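Next come two complexes built around chain A: one with chain B, the other with chain C.
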Partner chain A sequence: MRDEAVTITNQTESSLRIVGFLCNWCSYGGADTAGVCRFRQPPLLRIIRIPCTGRMDPMFVVKALIQGVDGVLVSGCHPKDCHYAVGNFYARRRLELVGRFLPFIGIDPRRFRYTWVSASEGQRWQQVVTEFSALIAALGPNPGFSAHVR
Partner chain B sequence: MNTLQSIVASVWDQVDMVLGWQPGYDPLHPVPAFVRDPKDIASLIWNPLCAPNLSVYLAKSFKAPTRGEKKIGILAKGCDSRSLTALIQEGLVDRNRLLIIGLPCPGTVDPDALTSVRTQSGPITDVSFADGMVQLTATDGVERVPLDQVLARRCQRCRHPHPVLYDVLLEEVVPRPVPKDPFAHVKALENQPLEARKAFWLRELERCLRCYACRNACPLCVCQDQCLAESRTPKWVTQKDTVADKFLFHMIHTLHLAGRCTECGECERVCPMKIPIGLLKEKTAHIAMDLWGYESGTDPAAQPPLLSYDASVNGL
Partner chain C sequence: MRIGVFVCRCGTNIAGTVDTQAVAARALASPDVVYATELLYTCSEPGQQEIQNAVLSHRLQGVVVAACSPRMHELTFRRAVEKAGLNRYMLEMANIREHVSWIGQDKAANTEKAVELVRMAVAKVRRNEPLFGSQVPLTKRVMVIGGGVAGIQAALDCADAGLDVVLVEREPTIGGKMAKLDKTFPTIDCSSCILGPKMVDVAQNENITLHTATEVESLSGTIGNFTVTLRKKAVYVDWDACTGCGLCMEKCPSKKHPDGFNEGLATAPAIRIPFPQAIPKKAHIERSACRYFTTGKCRVCQKICPVGAVRFDMEDRQVVENVGAVIVATGYDLFDPAAYGEYGAGRYPDVITGMQFERILSASGPFGGHIRRPSDGREPRDIVFVACVGSRDKSVGRPYCSGVCCMVIAKQAILARDHLPEARCYVFYMDIRAPGKNYDEFVRRAVEEYGVQYIRGRVGKIYPKGDRLVVQGADTLLGAQVEVEADLVVLATGVEPSRGARELAEKLHISADTHGFFMEGHPKLKPVETNTAGIYLAGACQGPKDIPASVAQGSAAAAKVLALFARDSMTTDPQTAHVAEKVCIGCGKCLTVCPFGAIQWKTLRDGTKKAQVLETVCQGCGLCNATCPPKAVQLRHFTDDQILAELEALCA
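Presenting the complex of A and B:
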């Protein structure tokens, strides 16, 4: 069922998809600020709100990319500004590790990015999304691992 | 001259049990032994065919102290001692419960490599080791093969043939020299283009049966009853046999071992389909070494990098 739904979505809207994992306290607010300020943004991003970047399991990144998502963007509070004090410090290590691991399994590391955006940085959020979307558009669709024909 | 038997006998009053190896169903496959009775000490063996990493049983089966205060004796090669150290680092095994008998290791033999280089065809009746040579006695004669030719991949790249942690040491064997570049296999794959790497993993993991032998043999895969691969909530991998699902399972194993893997190579050794999954873990170990200068399982007091953090703004 789910796979069918994904296929139908892909057929009806052939555009690229970026999954954004945004921390509830900073980047989600930053994206909201950008929206409230009516900053123009590319429409590729789909946002998933997480309580803190410390919630990021590297598996989220890998599973999304294996299933054929075109890009994964993780954004949280600036280091030392974490709502839970140290969540983004843990996240930084995990995300850096998974980012360096991706090319080893044949996934373009440029499809994954992590960044820090605070709730007031609507302008910066617009800039991050625009740059990343342009990069993903240039890279084109990600075939994922499901498209492999036996 | 201290033999394995005399060492085990000399520490017997301190332990409830000794984990070691005993002859298995054929001379090429020694199997784990759980010696609880001193008269079984004589059945213990140690040679380059004793491949199983015995530390796998500790966190899984002997976590809680058993009768009395006595320890568990365990035979540990270099790689096994690293796994033990990593378990101790993470508090999964109590150091005071262990009596580690260290075994300097000449490298372990890959039985498949041995079978492919031998010229005879008769069943092997006996295997012995001397001066870096493997002597095979088969029903149709005797043959000698250099040990270096039949080493398992994990042993060709071993950095710690000498145990890093032990209470008693068996000084019988000269450990294997440390190779120049332990990550040569990882680098060889990295030197290929991105598409070739992806094709490589698709081709290799296509064969995966999802038997989970790699997970079960892994000394550091300790949450087996709650493994993500078999959990329904959350449901990470489906029951389908697509390569994407197989890939996801291996990503679970690899990423859960990131910064923890001691590169004992058991996952690869037990794989019935001969998939080089050890490479995935070696890569994460390589990253941990690059980023944090961390080598898992070498210091019982060290904190694994992903369980700690750097609190500076631009640090990692």
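Presenting the complex of A and C:
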């Protein structure tokens, strides 16, 4: 795990950025748990805390990618474990849809991922971040919206 | 706006892998930042004082603290800025410890990441507004879910302090697992002698409303004002009339049904009082066992009952209780050893669980307290105990230690030797975990005084040989295979969450960990709180626990409830949704998505309809915000403007 994290940093010379939208109750806690357990992760991710993935406006994903962020990661409570009962069900529909919409505006849909990580799943969080960071590193910098507009 | 940035070194926790001085220096480049510094321990008294001094001397209007997780110290710093005269919502935190310094070793990359997180937090705080909560009255009643020893302790503590307590238990009687135990370690106290009086106290306490044979159906509302719907299951006996005389049990013709209280080692009639000390001591009918319910004929109990309490037409009924806080104490269940096919539990009658052995030891158990084998009723000569059956074993999905079994085995081996001085006891164990007060001494007693033979190693197989069993295992200290012939094998089955725990977590909007145990607010500092305000935990529902720890948590949860109820009203969280009426198009989408019914219609004077948020009902999830087509509904403190500002600061 350690070696992988280091190689990503070297490869990209810390120019890549992933923005994470994490729900306050589960995934933000999961990311905290990963930190407390000192689970090494590549340094690409910048986390924005939101109350619930239900707060997640699909527009945030699109805006982030248009503005040149290289990857967007959304994470919330596991389905049926939402602090607000149903927020992540709405999020799942919307995020599923926005993922399919991205190719229409010329954005590689692999640059967007959503997942569920609970507050106790520090190890799983490490795995999610490492895998997604590796994918974004492999995809390289986001050519951006403008690259496709003629 | 004038913003101050405080970058915490957290000793070396942050400063070890982040150049905090550079982070502070570069923060000055962000718009509106007029002051930036690093501090050794920002959360300490001098650290907080430093923030307050800076707020006053630099006339700061917004504060960014780059330190640990806001889940850890947001409240601390909100209070600190409030003391300096700022509104507490004019604070933002950048998490540069859990999300930066602790997960990477590359100082340059970490510093860059911290700089960006601070820039994002500054962008957010520039758009923060002072927020004020409103005061709402509290319902000073508490519900305790689960009537085991932890729930009983919590209920009694709250009731003794004068609170109205609603105690809900799924089974027809309270007492939980402890009521089934014969003796308790490490003192060999009689379990029912110490629990019994507490159960009676519950029954007699005027402040406690007891609902047994009752389950929680749903919960709504927030801290201070919850509405809980309960389902009282039909017991087919009118408990107001039933005197608990037990005549029906004697006369019931359908007697050959497994007795759950005796772990299936004895039989019980279809109409039964669970055990002699049951609270409430009332009869109920097991529908699947009852001759009348299965064949339509019988009604013997109805005819015989001296007070005419039997009601075959009884139905489940809903009860609604309003409470201000909830203590969850649903306890545990035991691992089903059938997963270990090679041990033969269920196939060989003399391979039993620890709880079954507990019933055999009990004077009120199936053999009146004499140790006999379930198969032929013979006294066993050789008893083998197998530890870690469903504990510390990834292959059955139970990687955790159940914590109590080592002690249970030592207790049972001592008791077995007490009952049958001729018997030989063997224990197959992996490691002995005995960290409690007087626990290790207790295990030593089992070995030294009672001659219990401890064999370090796992059991591979148990097979019958004549009317005995052969336990085949490894002795890892000798490095040899061993075989022990036994008359009785006791499997120390592990602790798992109570059945239905996940469903309950969902109903209460609390979380459970990977194994299904309920999650505490913080592993060290909030052991009895959950992440849902007003809902507390006690006992083994949070993780495997012995009796002293469960009782301590029951009292701890009660203390939290009493602290909550020490005031008469509480301030609501002002991070709620708000409708900009001029922008609202009256589509009503927010009304349909709100999980809490917190949005209602409001008719303006000209007859147009607009959405309106009931701020005391709103929980602040922001679902309406994401749903609103013209973005008229905005969640305060997490508005589109604020979130996008963070995003833009990252991209800048």
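The rule is short, and it goes like this: the second predicted complex is superposed on the first by the 131 of 150 C-alpha atoms of A that agree within 3 Å, B and C clash if a C-alpha of one lies under 4 Å from a C-alpha of the other, contacts with A are read in each partner's own complex, and residues count from 1 in each chain.
Note that a contact is a pair of C-beta atoms (placed from the backbone, for glycine too) under 8 Å apart; a residue touches a chain by one contact, two chains touch by 3 or more.
What you see is a predicted model; the values in this text were computed from it and never measured.
**Student:** Quick check for you: in the superposed arrangement, does A:Val19 touch first (chain B), second (chain C), both or neither?
**Tutor:** The second partner, chain C, only.
**Student:** Using the touch definition from the top, say if A:Ser118 reaches chain B (first), chain C (second), both or neither.
**Tutor:** After superposition on chain A, A:Ser118 lies in contact with chain C alone.
**Student:** Looking at A:Met56 after the superposition, I want to know if it touches chain B, chain C, both of them or none. Which is it: first, second, both, neither?
**Tutor:** second
**Student:** Quick one: is A:Arg92 in contact with chain B, with chain C, with both, or with neither? Answer first, second, both or neither.
**Tutor:** First partner only.
**Student:** One more residue to check, A:Phe101. First (chain B), second (chain C), both or neither?
**Tutor:** first
**Student:** Which one hits more chain A residues, chain B or chain C?
**Tutor:** The partner with more contacted residues on chain A is C.
**Student:** With both complexes overlaid on chain A, does A:Ile47 touch chain B (first), chain C (second), both or neither?
**Tutor:** A:Ile47: touches chain C, not chain B.
**Student:** Scan A:Pro79 for contacts with chain B and chain C and give back first, second, both or neither.
**Tutor:** So A:Pro79 only meets chain B here.
**Student:** Residues on chain A in contact with chain B in one complex and with chain C in the other?
**Tutor:** 59, 63, 67, 80, 86, 90, 94
**Student:** Where on chain B does chain A make contact in their complex?
**Tutor:** Listed in rising order, the residues of chain B that touch chain A are 186, 189-190, 194-202, 206, 228, 236, 242-244, 247-248, 251-252, 254-255, 258-259, 280, 283-284, 287-288, 290-291, 305-306, 309-314, 316.
**Student:** In their shared complex, at which residues does chain A touch chain C?
**Tutor:** Result: residues 5-6, 9, 14, 17, 19, 24-26, 28-29, 31-32, 34-36, 38-43, 45-52, 54-57, 59-60, 63-64, 67-69, 77, 80-87, 90, 94, 118-121, 126 of chain A touch chain C.
**Student:** Under the stated contact criterion, what part of chain A meets chain B in this complex?
**Tutor:** Contacts found on chain A: 58-59, 62-63, 66-67, 78-80, 86, 89-90, 92-94, 96-98, 100-101, 103-108, 144-146, 148, 150.
**Student:** Show which residues of chain C lie in contact with chain A when the two form their complex.
**Tutor:** 69-72, 95, 97-100, 102-106, 108-110, 112-113, 116-117, 120, 505-506, 509, 511-514, 519, 531-532, 575, 593, 595-596, 619-623, 625-627, 635, 638, 640, 643-644, 646-648, 650-651
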